[in-house]
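You will see chain A twice below: alongside chain B first, and alongside chain C after that.
For the complex of A and B:
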């Protein structure tokens, strides 16, 4: 069947005319126009399917895993539904010390820290509640945040500012997230406002300051291990001079945590820097010029004009970094291996350790706890801080 | 002229400039010193590392290429294979992510989607049923085909009349981008089990698939703004000339947004290049990537900093080059994304 002989063509045409006008269903032309009409679906479907299959279903399956016990058997696995047993194990059972930490006795300093921090938090919440008209949902939201915040603060203080207490992976993750992001934001803002000035050589600083963000976190972690080595690192003479020659930060829980946070600061300050700098450079100059004419000083200009203008962007980068920081894994895993003991383990690392020991159920429960905390913090931040800063504009 | 220079809001006084330079110089040192230390350690002999720190090549110690020779020549394939894996997985996954992401983002910026929430939920239900079917031992092709078929039937017939809330473009875009919030550890165990069942653990394909899913939200997030800047008139006149949707996308939209596509591609590529957690779960030997190789160095005889430094330099060299090229795009892309939320 190699092509139709030309002789038959007229005959075929005649047939087509005689028959009622009907399109051949799968001719190329109709296929193309059909595809054209379906373009909207065709364009979006691949992405939707990828996210469904590799994000949404795994998420649902993970939820089921966290409610069950996973047993590898030959040629596959068996899953028993066990209800909330895995979560009980985290909050009350054998994983409690690992996850929540060991509660210590609260001394005077501990009480002081708790009362002061709680008071600051509650005053800020109260002011935020009074800032716009009251409604039942807003009161309920603020109450939930207040209760959760007080519980979290209580746990943090009872495990950190005490004698005999030891923070678990949950609290350590909070330290990384809130301490780390605050530091990164402040350093990033300082560097960005310096770079936004008309200084010769700005472009050089911009490129250099960007570099750490692109470097593989695993590489950053090993580099910092080299740098913080008190025997062979570049700062060994200083450590020697200070009398820390034989003291290794690896053996001190807070030394190790601070090393992780410094590595994280080094890596992620550039993100804050680069976005805040772009925001500073795109602000309109007129209000500043007017303020100078009116005799405002630098600090007043920064506080009353620049900060409100970059507020929405600043709030968004903080939100993005908060969410990303909760996932911290590479740095503690490579820099300290989670040690000494479990002192530098983040929640993700905790889940990984449990997975490696084939306890899939508890591992999924830890992962879901992380998901829950991230979601709660994210929503609370958007409702209480982000929305106000972006609406103010 | 001097007066004008003084009053310009963004130029500092001489004293301010000195302080600024001091702080900026300090941070430059903070950023560059670790990199400098990496470079010189890569050229040190073990004795130069172990006997306390030495700082300046040719003065403190005589540089040597022994570590480079060991990693590149003696180990040869053991270094080359992870490197090749990282390149192949990075490039393939970034191209696929860009294709899916660009198509979806273009669709979301030019078409109006109104999906009924009920339809989405029914689809999800069928998909879960298909998953249960696989779990109960049905061949997965059959279960997936059955699920899709049932969904098509349901969509075609009954659900047309069901009302209920609808999802628009903004909801779909938000849904896609919000996947980035998800901690990867919350989904990696099911993905691990999935690839285990399919016999695809420790393959490049598994890594590519996982990376596409992980980076798609970023692609959608960054590309949204690039497509929005392309004038609709061009597309309309092309449509009048008889071009179909795909031709418009291929011949007009994609060429016009090329800078954005390149920047997004490189950004995703860097993320895939640096990825550690998913690789740690999904690959071990054959599909090992560079971050895994570097992380595994600690194992036996304690850290051998000279070899480690060479490996880290090999690993971060390309991304540092990209960072310098990309600096402008990254700032713009991240800012646009940040402003839009």
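For the complex of A and C:
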């Protein structure tokens, strides 16, 4: 082996004092400094590997699965690549009615609902667009959101408000997400406002209001299954007495969906509650005191001072819950099994039903559609709402 | 004494099977002096240290007897049996995933023989034929021919040991029908009439109005078997080999015709005389309701017979009658898709002009062995399944309601004492066993669907369509079209010709 030639570093500005140093590679200093430089990467590596193995690989693999067909064969399984067949099945083929729903004829009420909601949405978007200086990317972003929003609204109205229409799992999931989260936010805010007051026993109520969040979703779902059972449940005698012994709200599509939403509301309001309570308690008292001196009433104080102050926190919890709510599963699965019909089936349950019978391809396609919708809604929300609320401060 | 004898017998067979020999020799070396005196226990502990993982569904049914008998079996043989349970809806997929990925953590599976095509075709299950032939203690010939030849067999080889006999029957309240001078239902129209008659009356004396009929119609549960019990007699009239799901020549589903329409309508109409939340009932609910006297009629497997004599929950002991599934006087003409009246040609097996088609729904819980398990574990697993199915154990278990095991051995139908001892009156036992015998002896019995993808055809497509139909999301016509389209899609996806061959061979058509 040849000896390593001594390395001389050319003199640079400011290095005048230093005589040419003989650098021996792998001396202690260089090793330490090399290790120092690599430390960041080395320390992050395990986390990166874990994410790669547990998150990225399954993500890519399930993408591939969604483009293929799974078949158990002798000694293992075979995965055929079938292109976009599974997605075509969802959007145009046999799963279309299950996934998107059946479009009904739009009556006067339907048109009215569509026009009003679309107008509200477009006005809000327009205002959001005008709020900051225009740029190409912002206009493009808003246009995409407007188009997607109109399409989604069209689908929702055509399947829900019309006669003969029927929402598919996609629209049902939207109902759970947007309806459910809005309700959870309102109830959570109400409870938090109450508990922020100097009322007797508020400590006790804080703990009690938190309890539902600690219970496993399956447990909550089974509890609600018992509670909603008008034949044998604990409320059966009351239902009997009121003459409702032979009525069951799980038979009616909207009754069942509302039952699911009530369960979800019960379980997840505490999360909203605790975060909003913290936000309410940490707002600075000065502006409120000043407003009281100025003679503002309670509603004005709440609307003009409290709400803007808790805005960023509220927006964050809503974002978290929005993303979380798209994955609703336990409640419809246990409470109704997705029934009556497919009335309460969410996207995750839809994917699960397909997965259970080893139809992995279509199942993955449903899951990917969900991922796409969640990502789109999440990004749109952050861009349009979240940023404005947090930057306003 | 008989137990000791049978134990020795099966030991003989397992030794013959081979691997036991080594263990026996080693044991004799270890305790040479004690060997002659302690021959039985020494030989009995032949699976000492072997652990067998048995998977089945979350009980209490089916899992209960396995869990209860596992320690007994361990005492006899030394093999430790771990019973793993998963929810029913996950069972098919859990087993298949374990096998396809080569994990092989389940050695013995107690499952629905209906799924056999999906497990046997890729070669996951052990061929049990030689073991069964060498196992006199099992008394294979005592098992009713239908279960031996259909449930347990695939492509001429035996893959499972039946632990349960499954087909559906209609149950009625003998006390109510007698009081009103009514006869048990012969046709589905009779069923509806009786249900209507009793609906809204107090049937168990608690002052609350009860229901004419109660059927498990919950989605993701057993509803599709319940429905096919109604549809079967409309669809199949020429004997088992005619098939009740597909046309055996074209593999075209029999799901878009007048007969199917009529069956759907009857299925929906039973709901008029049922509990308000029937769409959310699974068999747990319908059984509980029937044995607490809340329903006049129900449709179920053999379980009600034994649950009705369970003093802990039953309020209708000795007030329960069972009868072969009601039939119809009009059946499907496959050429025209229309309903035609029964005559000697259209319904050769009719009784009093009524075509009955008892439906072997599910096929009965059966045990099979994972081919890729270690040899010693397979031996112990087989010994356990054989032990569970031997008359000494099985003939007791089938008389206990909570086991979920229904009679499947000839000795169980013949031996009235067994049932009287379990708490049935002799009349009730004769009635119950009579209905079972009538069903099993019918040449027009309907075999459950047992082709690759059966779980998708029934558990996903049919189940969803039925649920949507009952919820009013689909009209009768739409339901038939949707179902036919869905089934054809699966058939085309898996290969029409291949599926047709599988369907024909499941019906033993050459």
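We take it that the second predicted complex is superposed on the first by the 339 of 393 C-alpha atoms of A that agree within 3 Å, B and C clash if a C-alpha of one lies under 4 Å from a C-alpha of the other, contacts with A are read in each partner's own complex, and residues count from 1 in each chain.
Here, a residue touches a chain if its C-beta (ideal position, glycine included) is under 8 Å from a C-beta of that chain, and two chains touch if they have at least 3 such contacts.
This structure is a prediction, so every number in the text was calculated from the model and none was measured.
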Report task. Quick one: name whichever of chain B and chain C touches more residues of chain A. Result -> B
Query raised in the report: So, does A:376 touch the first partner chain B, the second partner chain C, both, or neither?
Result: neither
Query - Partner chain in contact with A:77 - chain B first, chain C second, else both or neither - result: both
Requested in this report: Check whether A:154 is in contact with chain B, with chain C, with both or with neither, and answer first, second, both or neither.
Outcome: neither
Requested in this report: Quick one: classify A:355 as touching chain B (first), chain C (second), both or neither.
Outcome: both
Query raised in the report: For A:178, is the partner it touches chain B (first), chain C (second), both, or none of the two (neither)?
Result: neither
Query raised in the report: A:342 contacts which: chain B (first), chain C (second), both, neither?
Result: second
Query raised in the report: For A:224, is the partner it touches chain B (first), chain C (second), both, or none of the two (neither)?
Result: first
Query raised in the report: Can A:302 be said to touch chain B (first), chain C (second), both, or neither?
Result: neither
Report task. Share the list of chain A residues that count as touching for chain B in one structure and for chain C in the other. Result -> 76-77, 231, 337, 355
Report summary line: In the complex, the residues of chain B that touch chain A are 7-12, 16-17, 20-21, 23-24, 27-28, 30-35, 37-38, 41, 49-50, 52-53, 55, 99-101, 103-104, 106-108, 111, 113, 124, 127-128, 131, 172, 175-176, 179-191, 193-194, 197, 209-210, 212-213, 216-217, 220, 244-246, 249, 270, 273-274, 276-277, 280-281, 290-291, 294-295, 297-298, 303, 305, 308-309, 312, 315-316, 319-320, 322-324, 327, 330-332, 334-335, 338-339, 341
Report summary line: Residue positions on chain C within touch of chain A in the complex are 89-90, 92-93, 96, 99-100, 102, 118, 121-123, 208-209, 218-221, 275-277, 279-280, 453, 455-456, 459-460, 464, 467-474, 482, 485-486, 489, 493
Report summary line: Touching chain B in the complex, chain A uses residues 32-33, 35-36, 39-40, 42-44, 46-48, 50-62, 65, 76-77, 187, 190-191, 194-199, 205-220, 222-227, 231-237, 266, 271, 274-275, 277-279, 282, 285, 288-289, 292, 301, 312-313, 316-317, 320, 323, 326-327, 329-330, 333-334, 337, 347-348, 351-352, 355, 360, 363-364, 366-368, 370-371, 374-375, 378, 390
Query raised in the report: Okay, in this complex, where on chain A does chain C touch?
Result: 69, 72-77, 93-94, 97-98, 166, 229-231, 240, 245-248, 250-251, 253, 336-343, 353-359
